[in-house]
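The next part holds the structures, each set out as structure tokens.
Each of the next two complexes has subunit A plus one other chain: subunit B in the first, subunit C in the second.
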Partner chain A sequence: MTSTSSSAWARVQDSPWFWLLPAGLFLLVFYTWPLLDVVRLSFTNASLVAPDYDYTFDSYRRVLRDPSTLRTLKVTFLFAGGSVILKLVLGMALALAIDAGVKRGLHGIVLVRTSVLAAWVIPGVVVGVLWKILLSTSSHGLLNYWIQAAFGNSVGFLTDPDIALSTAILANVWRGVAFTMILLYAGLQRIPPELYEAARVDGAGAIARFRFVTLPTLAPVIFIALVLITIGGINTFDLIMALTEGGPARATEVVGLRVYQQVFQFMNLGRGAALAVLLLAVNLLMTLIYLRLLRINRKTD
Partner chain B sequence: MTHANVEIGSAGGRRLANTGLYAIYAVAVLFTLFPILAVVMLSMKQPSEVFSWPPTFLPATLNLDTYIYVLTETTIGRMLWNSVFLTACSTAGCIAISAPAAYAFSRLKFRAQKPLLLILLVYQMISSMVIALPLYRYFEALGLLDSHMGVILVYITVEIPFTVWLLKGFFDAIPPSLDEAARIDGASRLQVLRIVILPLAKPGLAAALIFNVIAGWSQFIIPFILIQRAEMLPISIGVLNFAPGQTEGEITIPYLAAASIIAMLPALTMFVLLQRYIVQALTGGAVKG
Partner chain C sequence: MSQVTIANVRKTYGSATIIPDVSLDISDGEFVILVGPSGCGKSTLLRMIAGLEAISGGDIAIGGRVVNNLQPKERDIAMVFQNYALYPHMTVADNMGFSLRLSKVPKAQIAEDVAKAAKILGLTALLDRYPGQLSGGQRQRVAMGRAIVRNPQVFLFDEPLSNLDAKLRVQMRAEIKELHQKLKTTTIYVTHDQIEAMTMADKIVVMRSGVIEQIGAPLELYDHPRNLFVASFIGSPSMNLIHGRVEGGHFVSDGGHRLPLPRATAGLEGRPLVYGVRPEHLALADDGFEVEIAVVEPTGSESHVLARLGDNDLTCVFRERITLRSGDRVRVRPEPDNIHIFDAQSGDRVIQV
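This part shows the complex of A and B:
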């Protein structure tokens, strides 16, 4: 290689685009383009099977007028909200317990952490299947047999429309509580020990220290966990598909399931796309909040 | 308040608090492991045991017949292989494509840097369902439905944003003075990445590897929509409506249980072996963003 060609090659390497090109191409072709296209499709009456379509606001009009859209949104937010509250409370309890255990030199912490995190590694579909088997009202349903032995009647975890959503939340919390725990635990490590010392000198007990030192210092991390869990909850599809398929009586039908149904069962691409844009809008809104929180975090750091 | 002081002060109080903590640990471990263990036990039951009342936690005999049956007589083996193939190819591809991008974000200064990083973050938050709808149309038109190649390209794409952020965080932690020393010795930027940065960022590469494997193994929406032929499906979809042979209803339960355990085992094993890298990555980078 001559020196001029090698210096040209070095100059190419000084350009950021040389490094960003492969990733950029993938994202443009398989992400940005489909994203724009789904917005375009939402303004059409396209069907999955017929090639021709017209541009119209009809898909949005129908989606927004359809009472089941509102129900789906409600189910989605209840699912995400319930998951958020439980994951935060249980994740916080676990993070505090592990933090305290580490400080006291207790045994078995790694075992606890590993087993809780293990649930997070299992594919969502498999989580759904596990809980479906476990909570079944059939003769193999172990939990229901025990409940029946203790309280006299079994619980329709998956068959009762009033309970099914709570069941889905339970399975989702089982899967994801470890992630919240790890986020909060990392946050706990960054609280200066002097703050606790000062509070202790002032005579603050354990609860007062948690209330006046831990919570306020940890607040930014808690909010970030909150947004991340909410987005995860809103986007859930696999777990519910395996657990309830959106039933019974559509009690667990989250937005993702409804989009899938509109497009791949009713072949209604336009309306499915409009619903998908609704989902996209919620995703973007949550991301905006997340970014705002990150900025506040960086300022206080 | 005096209560808390007693707790810290006396040895008895400390022992009480420790016992309380161990109790919390026990509940947490039980809550996590019980569903898995119950399904493992169920997977070892004979089909006839499923009808017996009352149901028992332990199977009558410990045998692996259901596993042997599921692996040899059903399509699960094939699906397992599909998952391994899709996960391996997409993980390798994603890291190979994300590492140079992470280098640029970490070491070069350019005007679009911040906006591009933000776009990556936004993409990470969007449900795959949104892009899967148009992709289905393109793939159908191109005859790419049911092709592993097409699915791998999409897997790679959806994992790029997180992988770039993750690797950038690890690259940032390597002192730039090291690259400069290598550059003075005449190394090109590509050589710097290969000789200096990548070897030092091994924990980051390990974390990227694990996250990609876990994500690839769990991918659902994309293969669910883009693959229809049963023999091409990954195992994450295979377990959804798993029913072996001519069996129906209750009888399928031990087989379904075995299939679920088989489906989670590879990701679980990998996680247990390499979990310290996951914890390191999660506690180090995820919150700071």
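This part shows the complex of A and C:
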């Protein structure tokens, strides 16, 4: 009989490590190692073109002294902040509308939900290209074609440095509002309907019910959405790459894009890595806040 | 005056008729309990009175004013929900004062009213707590506090005690009744627990499948159930029902057992009937009919005995402690004044002997 060997095998199978091994290896090879390598490279003056490099703090020093770093950070936070506010407000409006529609058994709701979700599953690059086609000032820009026909002049959605960032934010919101909507909609489902009924009996109108029942009950979810959207916003790269490539006049150059440019345009691996590590630090901070909120949530449940 | 008048009220959901036609008068200060099995439409009726559910037909008037199309807040009612429905992020005081705050009552006045209600319900020490920090009974009391702070014309309760354990339920039952005696506010209370109904109500409304089967004072329903449904629903343990027919001045069960009928029963001969007698109206007596003991359950104050009469189960409640055992045969006799005869087909009571 193979009972001893099979029981040893069973013990191996019982251990959680056995089951975590494949994913752990995968993470180690494809995430942890490259991550550590980026940290290592940030302390070098490595370049994509020269094979040799030295270890130095120079990359950090130059990144921190570079005035465009500050501008990039500012653009990033404006982009992320604008996206967060709009996504939360619009996401909330959509979630409430869909919730109300579903409760009333309206038919159009499925259509609304599907189209919002469709925008979400389209890759950022494609969204960027789509919006570029829609908003371009050149002859193939759809919207400007109509504006031109109606008013005789065109709007530089993507070419005016004062407007381009707003355009990028709008495109990002259009793309990602579904995520917020799903989070908030799920949160709404957890509010007991009797709470609204009690509020109605207590004399609360729709606005008072939102303010005194929906908002406070949903607050934990809202905070979590806030952190997640912020992380997403700070890390945006693909959409902007396709939409504006950081232009015009670097008005939409977010950190992710700048890392890319440092490395692949200026071939400056060390400085790109240093910038990436800064981005990583911001992300870590946000993640810590997120985990904190999760724990608070679990406690109040 | 805050009487409630329900006239020919109907409720349909699409093609499903939940309440075909209900009429009910509730006078000022009355404590009325809607009782019936699950799904009979009690909550629906209560929620239509509250304005949480639209009515499909008929009229509902509160204090002489038809409220069919009024919002809940305009109906001057307060409601206590089964799972309390307290606002989780508000303190007990804020929960109780919420309606006053919405109607822009000055803060000082709110605090005063809340303090008064809290005192009545023994909640003064808990005013700063959040609902999550309260026990079920305390939450229930806060929910009641929220209702009485507003001093409404009518209180509506929907199974307010069903989430509490048995002991607390008995205690809260007494508290609610006491509260009603103190405030004398018209109260409509929904439960599926007939003991709650019997102990608290001035008037019980027994419902089945959206239809009112009988309306009456608790003891009236107990003594004079209008039909088999009410007879078996009211009273615990429930009434013994034996199918049979009347032959030669006796009731003869389908199993051939003869049961006494103390008075003239002319005109009942021949048709299928149901003989009803409550467990507490059976007594040990040498001149009774013979039954076989199956189970004896002493509760301390009385003895519950499950016996068999042919194919029929017969529950008896005896005041005295008895030393019978399973398999013993004894003779029992129904109290002659408490025998009910129902028509087996319609279920209606035929006579009360």
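Just so we're on the same page, the second predicted complex is superposed on the first by the 295 of 301 C-alpha atoms of A that agree within 3 Å, B and C clash if a C-alpha of one lies under 4 Å from a C-alpha of the other, contacts with A are read in each partner's own complex, and residues count from 1 in each chain.
Basically, a residue touches a chain if its C-beta (ideal position, glycine included) is under 8 Å from a C-beta of that chain, and two chains touch if they have at least 3 such contacts.
Bear in mind that the values here come from a model prediction, so they are computed numbers and not experimental data.
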Larger residue footprint on subunit A, choosing between subunit B and subunit C, goes to B
Kindly classify A:N153 by the partners it touches after superposition: subunit B alone (first), subunit C alone (second), both, or neither?
neither
Regarding the shared-chain residue A:E194, is it in contact with subunit B (first), subunit C (second), both, or neither?
second
Could you look at A:D202 and tell me whether it touches subunit B, subunit C, both or neither (first, second, both, neither)?
second
Looking at A:T217, would you say it contacts subunit B, subunit C, both, or neither? Reply first, second, both or neither.
second
In the superposed view, which residues of subunit A touch subunit B and also subunit C?
203-204, 208
Help me check something: in the complex, which residues belonging to subunit C touch subunit A?
50-52, 71-73, 77-79, 81-83, 85-90, 98-99, 102-103, 132, 146, 150
Touch list for subunit A against partner subunit C, complex
192, 194-195, 197-204, 208, 212-213, 216-217, 219, 300
Can you tell me which positions in subunit A touch subunit B when the two form their complex?
9-10, 13-14, 16, 18-20, 22-24, 26-27, 29-31, 33-35, 37-38, 41, 48, 93-94, 97, 100-101, 104, 106, 108-109, 111-119, 121-126, 129-131, 133-134, 138-142, 145, 149, 174, 179, 182-183, 185-187, 189, 203-208, 221, 224, 231, 234-235, 237-238, 241-242, 256, 259-260, 263-264, 269, 272-273, 276-277, 279-280, 283-284, 286-287, 290-291, 294, 297
Please output the residues of subunit B touching subunit A within their complex, sorted ascending.
1, 3-5, 7, 14, 17-18, 21-22, 24-25, 28-29, 31-33, 35-36, 38-39, 42, 50-55, 57, 97-98, 100-101, 103-104, 108, 110, 112-113, 116, 118, 121-123, 125-131, 133-138, 153-154, 156-158, 160-161, 164, 188-190, 214, 217-218, 220-221, 224-225, 236-237, 239-240, 250, 253, 256-257, 260, 263-264, 267-268, 271-272, 275, 278-279, 282-284, 286-289
